[in-house]
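Scrolling down, you'll hit the structures one after another.
What follows is a pair of complexes built around chain A, which joins chain B in one and chain C in the other.
Entry: the complex of A and B
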């Protein structure tokens, strides 16, 4: 089972914190969006393994833009 | 009082017209970015129009009420809900102690929502205003944006709460939000022919400028000026090497359009009061609220030529809206 972590604000990707294959905990910061000259953490609502990182630094995000796909089936 | 559960992207205590009289000391006015939405929020809950409310930029604000109250939510549609039940916007709503208000993110159009509370948000006046100046770190609630766990007291309502619930704005006075925001503006102080070519001024008054992500309560940065012979000078003379440079001078704040290099920057409520860039036009006071609803990275700003006479008339006309006659 998969889940997608989406951007919660419009802005530019400042950093991608998560890397493919990494185990992510619920509440963990997976990326950072720069909006209104603020750095806004993108928090995972799920626990799972990063299957695919869809974005890179400076990519432009809208609310709901997909950023990271998690594989929920591999939660240990 | 309310207790903040989730402070959201940027939630501030703001009133209107903010902190007046201190521009000469370098202090911005601050105040609600969309003062129209704040003033309607206050009207709905029986407050004076300029009373302090909450300005929610972007969204995701959530709070629990510690007392019975009457509130209103105006501005962008963040899908407000009380105890997970959707509640209407542009109306006053009765709140019971223990209720939880939750906002989602900004709607299809516009960016900021306002929460009015009967009695107002009871933070101390600082130099005559309750507004937060975010970049000066003063005013409002401890001079900063709200954080989880903050407790905000309310003032005493001048009317009985039961008499305030269920008040609605007439549909025709609810502002229309847009993707392209039209801001009436007056040329100057640095304009054609000395600083900007006629072609350049035509460009400023015809082009729809995309609002950049780097916009905030200090300034709204707009897309670069390009493909036009904009500057009338080769350089900034004593002011600097770039033709957008001038010797430092006071800005007509808020609402001056700075030209910083090739980037137009609309200086707004927490913005600087002076500097060394030319100001090609000033947005009229009545229309400045629109930029506060512009969605960074998505919306556009277009400047429409205006005059001082039109600006004065527009201010009077707008001010007349915030009265009981605007309610159903």
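Entry: the complex of A and C
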């Protein structure tokens, strides 16, 4: 099972916090978006392992732009 | 006067500069990023050039891309507006060395005054009061401990070349000294390329009051009244006005005298602002100089009838200021409300498309609205959330407040959230109406709101 973490606000990617292979907890900050000079944390709604980071610093984001793919593990 | 001027900025200030250039028959060149390519204000410029992607580092802050436009367009002057590259002396130097006139203070002056310690040193040399603390950078943790023993806590450790509210840390407990020292040094190195910092005591419940001035190449300096800018949130100003409810003629003349001394000693030319803090006891302290046209300049223009952009252009063209200090008459009262594309309660940004827009009924004697928005405009997530400045004027402060309230209430903007409801709440508060406030006013007002709910 996979899940994608999408941008919740438009803007520029200010920082990518998560790294590929890292285990992410629910509620953890995985990236930061700069929207109108405000730094907004992108929070993971899931628990899982980072399979792929799709963005880098200064990429332009729209609402819903995919940012990170998580591997949620086996469905129980 | 100039033939063709490039505006190294965007949005409402680009429009504002175009307006004056048109009156002076100066052709205008606007630059824009991909995000602004459909912005309607670009049609008001004589020529437009794309300078890169939405990311401001690659467009509006990209010195090389902007300098390249000089050659293509053949401009003879550059106006930087505010923000972006306006206080960047490397840009100013690059402009000057490509044979184009910089509409701003001389680059070497810009470079010198970037150091707050240099400004504090100049101020103390000419007997302009500064917030007690160190004048030269603190060189070691040992020295910092000694200074704190002398001036006491709470105190602020500030970066000499910081900005935008970054690199300012409060020390409330002597046990914090080492941590704060190390943190400020680190931020200085990473964000500003200099670890220099200085210490200031805390001014309790201060008001932020600034003096607008103009200074020409002959050394003539004219002051254009003060602006009261205490209504702010996290160093972001929300309401500005002139005159200040707490500045009488005697205080004003003192502030003018401080300003003139600082301007002459710095060798400053052009339009600028000297920022002061006023303590609860009514003492004024010089804080810093803003080497640019400011967002809130319309307040001063309303009171004096002077076009500050026109003066900037005349000074840059080497002309002498045509007026003297005694010609400056401050008439009535002007108040500016900044409208931000933000949620008025949570302050979270609200970019998007303006689906419907209706401006209040205009009467240029009492109302001015500086903006660069229209129905269908996109408010970009990449830049500052300021979308409009609503400025009201009348003979008395209370009448000015009333005009501003009416204008803001009649403003209709759909599709994005704006801070208009917050502006109205401020204007209706008892403390604001009575002129009884300081820089913590807004924080207190927001706290009250939460407690009532």
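Heads up, the rule we're going with is that the second predicted complex is superposed on the first by the 73 of 76 C-alpha atoms of A that agree within 3 Å, B and C clash if a C-alpha of one lies under 4 Å from a C-alpha of the other, contacts with A are read in each partner's own complex, and residues count from 1 in each chain.
Quick note on the criterion: a residue touches a chain if its C-beta (ideal position, glycine included) is under 8 Å from a C-beta of that chain, and two chains touch if they have at least 3 such contacts.
Predicted model, so just to flag it, every value in this text is computed and none were measured.
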### Message
Quick check on the chain A-based superposition: chain B and chain C, clash or fit?
### Response
clash
### Task
Check whether A:36 is in contact with chain B, with chain C, with both or with neither, and answer first, second, both or neither.
both
### Message
So in the superposed three-chain picture, is A:58 touching just chain B, just chain C, both, or none of them (first/second/both/neither)?
### Response
second
### Query
Between chain B (first) and chain C (second), which, if any, makes contact with A:48: first, second, both or neither?
neither
### Task
Quick one: classify A:8 as touching chain B (first), chain C (second), both or neither.
first
### Message
If I apply the document's touch criterion, which positions on chain A are contacted by chain B in one structure and by chain C in the other?
### Response
9-12, 35-38, 40, 60
### In the complex, chain A residues that touch chain B
8-12, 34-38, 40, 60, 62-63
#### Entry: Residue ranges of chain A touching chain C (in the complex, touch as defined)
9-12, 35-38, 40, 58, 60
### Query
Which residues, counting only chain C, touch chain A once they are in their complex?
53-55, 57-58, 341-342, 348-349, 351, 381-385
### Task
Under the touch definition given earlier, write down the residues of chain B that touch chain A in their complex.
9-10, 57-58, 60, 105-106, 213-217, 295-298
